[in-house]
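Chain naming follows the written order as A, B, C and D, and within any one chain the residues start at number 1.
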Amino acid sequence: MSKNTFGRVFQVTTWGESHGPGLGAVVDGCPPGIALEKEFLQRWLDRRKPGQSRFTTQRREKDEVEILSGVFDGKTTGTPIHLMIRNTDHRSKDYSEIRDKFRPGHADITYWQKYGLRDYRGGGRSSARETAARVAAGGVARAALDSLVPQFSIKGYLVQVGPHRANRQKFDLGQIEKNAFWCPDAEAAMHWAAFLDETRKSGNSAGAVVEVVASGAPPGLGAPVYGKLDADLAAAMMSINAVKGVEIGAGMDAACLSGTENADEISMGPNGPVYDSNRAGGILGGISTGQDIVVRFAVKPTSSILTPRKTIDLAGEETEIVTKGRHDPCVGIRAVPVGEAMMACVLLDHFLLDRGQTDSKRGKIG
Amino acid sequence: MSKNTFGRVFQVTTWGESHGPGLGAVVDGCPPGIALEKEFLQRWLDRRKPGQSRFTTQRREKDEVEILSGVFDGKTTGTPIHLMIRNTDHRSKDYSEIRDKFRPGHADITYWQKYGLRDYRGGGRSSARETAARVAAGGVARAALDSLVPQFSIKGYLVQVGPHRANRQKFDLGQIEKNAFWCPDAEAAMHWAAFLDETRKSGNSAGAVVEVVASGAPPGLGAPVYGKLDADLAAAMMSINAVKGVEIGAGMDAACLSGTENADEISMGPNGPVYDSNRAGGILGGISTGQDIVVRFAVKPTSSILTPRKTIDLAGEETEIVTKGRHDPCVGIRAVPVGEAMMACVLLDHFLLDRGQTDSKRGKIG
Amino acid sequence: MSKNTFGRVFQVTTWGESHGPGLGAVVDGCPPGIALEKEFLQRWLDRRKPGQSRFTTQRREKDEVEILSGVFDGKTTGTPIHLMIRNTDHRSKDYSEIRDKFRPGHADITYWQKYGLRDYRGGGRSSARETAARVAAGGVARAALDSLVPQFSIKGYLVQVGPHRANRQKFDLGQIEKNAFWCPDAEAAMHWAAFLDETRKSGNSAGAVVEVVASGAPPGLGAPVYGKLDADLAAAMMSINAVKGVEIGAGMDAACLSGTENADEISMGPNGPVYDSNRAGGILGGISTGQDIVVRFAVKPTSSILTPRKTIDLAGEETEIVTKGRHDPCVGIRAVPVGEAMMACVLLDHFLLDRGQTDSKRGKIG
Amino acid sequence: MSKNTFGRVFQVTTWGESHGPGLGAVVDGCPPGIALEKEFLQRWLDRRKPGQSRFTTQRREKDEVEILSGVFDGKTTGTPIHLMIRNTDHRSKDYSEIRDKFRPGHADITYWQKYGLRDYRGGGRSSARETAARVAAGGVARAALDSLVPQFSIKGYLVQVGPHRANRQKFDLGQIEKNAFWCPDAEAAMHWAAFLDETRKSGNSAGAVVEVVASGAPPGLGAPVYGKLDADLAAAMMSINAVKGVEIGAGMDAACLSGTENADEISMGPNGPVYDSNRAGGILGGISTGQDIVVRFAVKPTSSILTPRKTIDLAGEETEIVTKGRHDPCVGIRAVPVGEAMMACVLLDHFLLDRGQTDSKRGKIG
């Protein structure tokens, strides 16, 4: 039950700090015989890569992934796959200033209190840079899912930046790759750009809400009661840096629904049960229904900002702090590929866990 | 990584179905020498017990807990504590009608699809009755925390029923035990009573939002990055029946905050760091700050309702369903003691995990 | 990673003490739809039951097992199966004498040192009585293996009592059920009877070696490198009370073999590879070969003996101890069904784990 | 419950193959603030390094370890420590010959059957080269134990090569570092040298028995009943390549002892209990007594030998095999530092686990 490992049978262990030599993921339990090329993984890493628009950190990292084990002749061998990403643009000098001060809203103070020391360079292990390893691991999970589950796909996007929500009536999935926000509502994306420019100029930062949808997953994934699919997804998303809330389907708004509204009515389609709605977010009793699996999570604003904040230093003296460095004005943007990666890992894990227990046989209806 | 076990070093394994002979929890990893009496556990079970007001199920269960192992001469021995609760009022006949139909919004269909068979009597393992075992286990965790962490306390309450929110300006913790909703806002409780009477009469059900606050926890609990305190809390709460969303501190609203608002500013108090606000919900970087730990979760409305819903049966035929039985019009109410129990278990687990790694030493400030 | 749980996906959690109300096992991860009756489990428990010959303890326990969850209409549901066995003949007064003294060679002193208190009645949790729960759980594993793996069987027997080894030339498996020692060599069984009568009369006890063989297991079970089939078997057997050594195939004698002797030569049979010998004990690189899986373990003599031994008491005073109570003169005898049960649990666990990862597909030869 | 991870709270995940770019270990759960230098780890790796005498493989690997994370300013940070060792002398061409044949007694065939493909270059993941990662991780555990447990030490040595046992009467621990066999009996070492020269010349290989002793460990380590210290040690040692048997204390010979012989009598020393003998190997009921912890394991002879052996190929054709490559005539020699490393990891893990549960408090005697 390693603190830096997640998953039940498909397991990912990550290591590395923001300003050390690099970071990586050991991916264990992958089925053998899955075609896996470095280029396939790189594609996902490139989406998370910093410095792609003016709305993300200007740190320049190529985030090139190396496959150091577990793949032979282009296929997974069933043994651990080690993925490594070297840090190249780590300017530790940027951090000397905050060496003795704690950024409010940041893990600086809790790492110090827990461990009695901390790698102050870029947040060390608490840096969002760790998520690059997750994205690489998620690429392995996607490759396996592509092979095991026909028609499977995962799509992540932003639905809110600061207080501004996208309009679901205007959703066009084709827009997602066309703006800097992975936003299916092109109009919202334009407003967000203006809002974030403003935010950045004023030395501030903004939060966001990410939605990740998995389509084509079979029914029957999830292991009640403490390995519920939604419980594992909640932990996976909440473990991403800066996340403060996780929702499945109707989410927090489920509290507002009446029982009649909440019940997604069922009819019989040509290939099995069909649902009139999806307030459940594709999960009932912790087990997938076969509908889209819908997860949302809120990302708080970056705590590293240019506006001075009241804080204390190691000596216990009260002071102010301004964080220069190179920081994302809205870390939520780059959380999109991370959320997709976590979804892929959790679903593959449950696919394999379910296959172990049930041989992927499903109860017959009709 | 058992599906019916949670926790890392303090671990709880539950078993049992709604209409079998009973249910229970095996609690492993408890420190030795903790005073533990049946009566102490019963106190928490009595809060979750059905049939205590007209707003909960009329099933009459005494929920009497037996301690079958792990306690000797009134103290925990450090070996597994088995807690058992017998079912006494299980009228299986109530369920014969829904034997071949799937309740929309219920785990009926997913259990059938995954396992190819299901215990249709009261939902079997998917019943909220399983949560009695969690409350019993939570009692053990509370006993240990009372002994290990001075001034520690946990308080749960409802902050929303259906679309109606309690007013935080009117919160009086003294009110919590005085109404049927564990609500600190007496006025809201009155309105909710009227709203739920209406809901019940119309053959419907309502959702709710529960908030659980732990005070007095030390800084330094939580194990980044996949054993973050908030990630474990999210999984714990999401694993409770009918929960669709989990929030820490500002939660989903964190997306709306600016970086300056989100940063809980720090000053120096007589006993260490003091924070001007608690948008973080007491957790930064997955590690507790020493502030109140604040978790909220949304409970969807009961899917077992008297209003007919469209569904299918085992033969794949389309039909309607009406669930008679005895069901909670608002399961969120009884989720309050369950949320408290999960909070207690997760915090004790992390207290012990942290003590193992760090010997409970904290980094010095000032 | 619970201390009282074993297994990776098929997981068994046990609870209970020698002189408490009872003991039990929560069996999680069993495939659904497996026929399971109480009578089937009882059959294995009856083999371990005390008081069946003059060579085992005279404590009279019926060891009746109850199935309290996880089985519906005679089939496993895929949810946790709780098996409970009540203690009926626990005469706690027998133990009052040893309350303040530590039996040499017994867990009395280490439990005291670790936990600061101990249940002195019959050893509490350290009693071999705990193994009844393993045997019950093993029955579930056998039922599943019978259904999943055709021609699968497990056979355990004694190969040594005290310094006296059975003669493999005279092995006749038909003899196993015909003597009090589960011994395939009828002659050895007779000698052992005389030897143990002598041992018992002189107020002493004897050790033994148990061999457990699983036939019909498919190749491919085992998960290198820390979930090797032999590593998991070694842990499983070493966790049985009083076990001090575990061997796979040639075992400790493998050190004496030359490389040419050790290599089990391979030829091609009608259904795949055939081996000329089985020094590997059916496991290579931690993965099953399809040959018989052969495990042996040594059980030390009971430490509760009538001959006085030098020891100390709680006050630190030096003294002598004589253990009256009712004890097995050779606990190794009753360890046979326990070893079989552990073998069944480990093999089912690896069958399911392998099916999850590889879909039970095997590399083609020929 | 990762297949390539071991440990409960101090956890080690290894990756890498014999002929890939390298291998490594992610070490998680280490206490923070432990001084750790690359040179300290290198010292242990140098003991396992190939090519140090004519009795080990002539492959020339420097086995230089890099610390890529988890250490800052010379101290562990409490976050994952990644240790990497690059492969430099991997001549893949050596293996082309055995690409389509299975070495008898080797994991070649089982990897093929399980995974449907295999990295035939030097055994891939099944190579003993993987143990370099364990030795590196063991170095971290030693550093932590040195800091946490005063007077703690671990000493490993060979006690048998082929059928030839060392003579315990002639043991002189000072001899261990003075011969190629880590043998405390100088005379035995001389005989073994002659024996192994003979073995090597005749194109054969030999087994061995390794003994590892940990001194100075406190009483109270070990977590009954499935996390017993001896059960975890048995799994740890059995997971080492080519190990076929594991013994604690008297080991398999415990079967030959009488109850009176087996009971290590206890008297009272100036600092607590003192034992007249140590047949228990320092562990009772799965918990350490405070005596020396004594583990032995048998290593079978290398299966890669120059003498032709009967086998089959991928096409299912019967054939012969001769393994040229560069192989250890007695892999048991280099297993000594590996056994020491596993001992260190298991003991640190249990030290931390016990501290979590009991705060390292011990029951008072006297």
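Heads up, the rule we're going with is that a contact is a pair of C-beta atoms (placed from the backbone, for glycine too) under 8 Å apart; a residue touches a chain by one contact, two chains touch by 3 or more.
A quick note: this is a predicted structure, and the numbers were derived from the prediction, not measured.
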**OP:** Work out which of C-D, B-D or A-B repeats the contact pattern of A-C, with more than half of the residue-numbered contact pairs in common.
**Re:** B-D
**OP:** Would you mind telling me which chain pair, B-D or A-D, is linked by more contacting C-beta pairs?
**Re:** A-D
Original post:
Comparing centres built from CA atoms, which chain ends up most distant from chain D?
Top reply: B
Original post:
Just how far, in Å, is the C-alpha centre of chain B from the one of chain A?
Top reply: 26
**OP:** Just give me the whole-number Å value for how far the CA centre of chain A lies from that of chain D.
**Re:** 38
**OP:** Provide the C-alpha centroid distance between chain B and chain D, rounded to the nearest whole angstrom.
**Re:** 45
Original post:
What residues in chain A touch two or more of the other chains?
Top reply: 1-5, 8-9, 14, 29, 32, 78-79, 114-118, 125, 224, 353-354, 358
**OP:** Considering only which chains touch which, label the overall pattern as line, ring, star, complete or other.
**Re:** complete
Original post:
Can you name the residues of chain C that touch chain B in the complex?
Top reply: 1-5, 7-9, 11, 13-17, 20-24, 26, 28-29, 32-33, 66, 68-70, 72-73, 75, 77-82, 114-119, 124-125
**OP:** Spell out the residues on chain A that touch chain C in their complex, using ranges where they run on.
**Re:** 1, 8-9, 29-32, 78-79, 224, 352-359
Subject >> Of chain D, residues touching chain C in the complex >> reply: 1-6, 8-9, 14, 102-107, 109-118, 125-126, 130, 160-163, 199, 204-209, 219-220, 222-228, 230-239, 241, 243-268, 273, 276, 279-281, 283-290, 296, 298-303, 305, 307, 309-312, 314-318, 332, 353-354, 358, 361-366
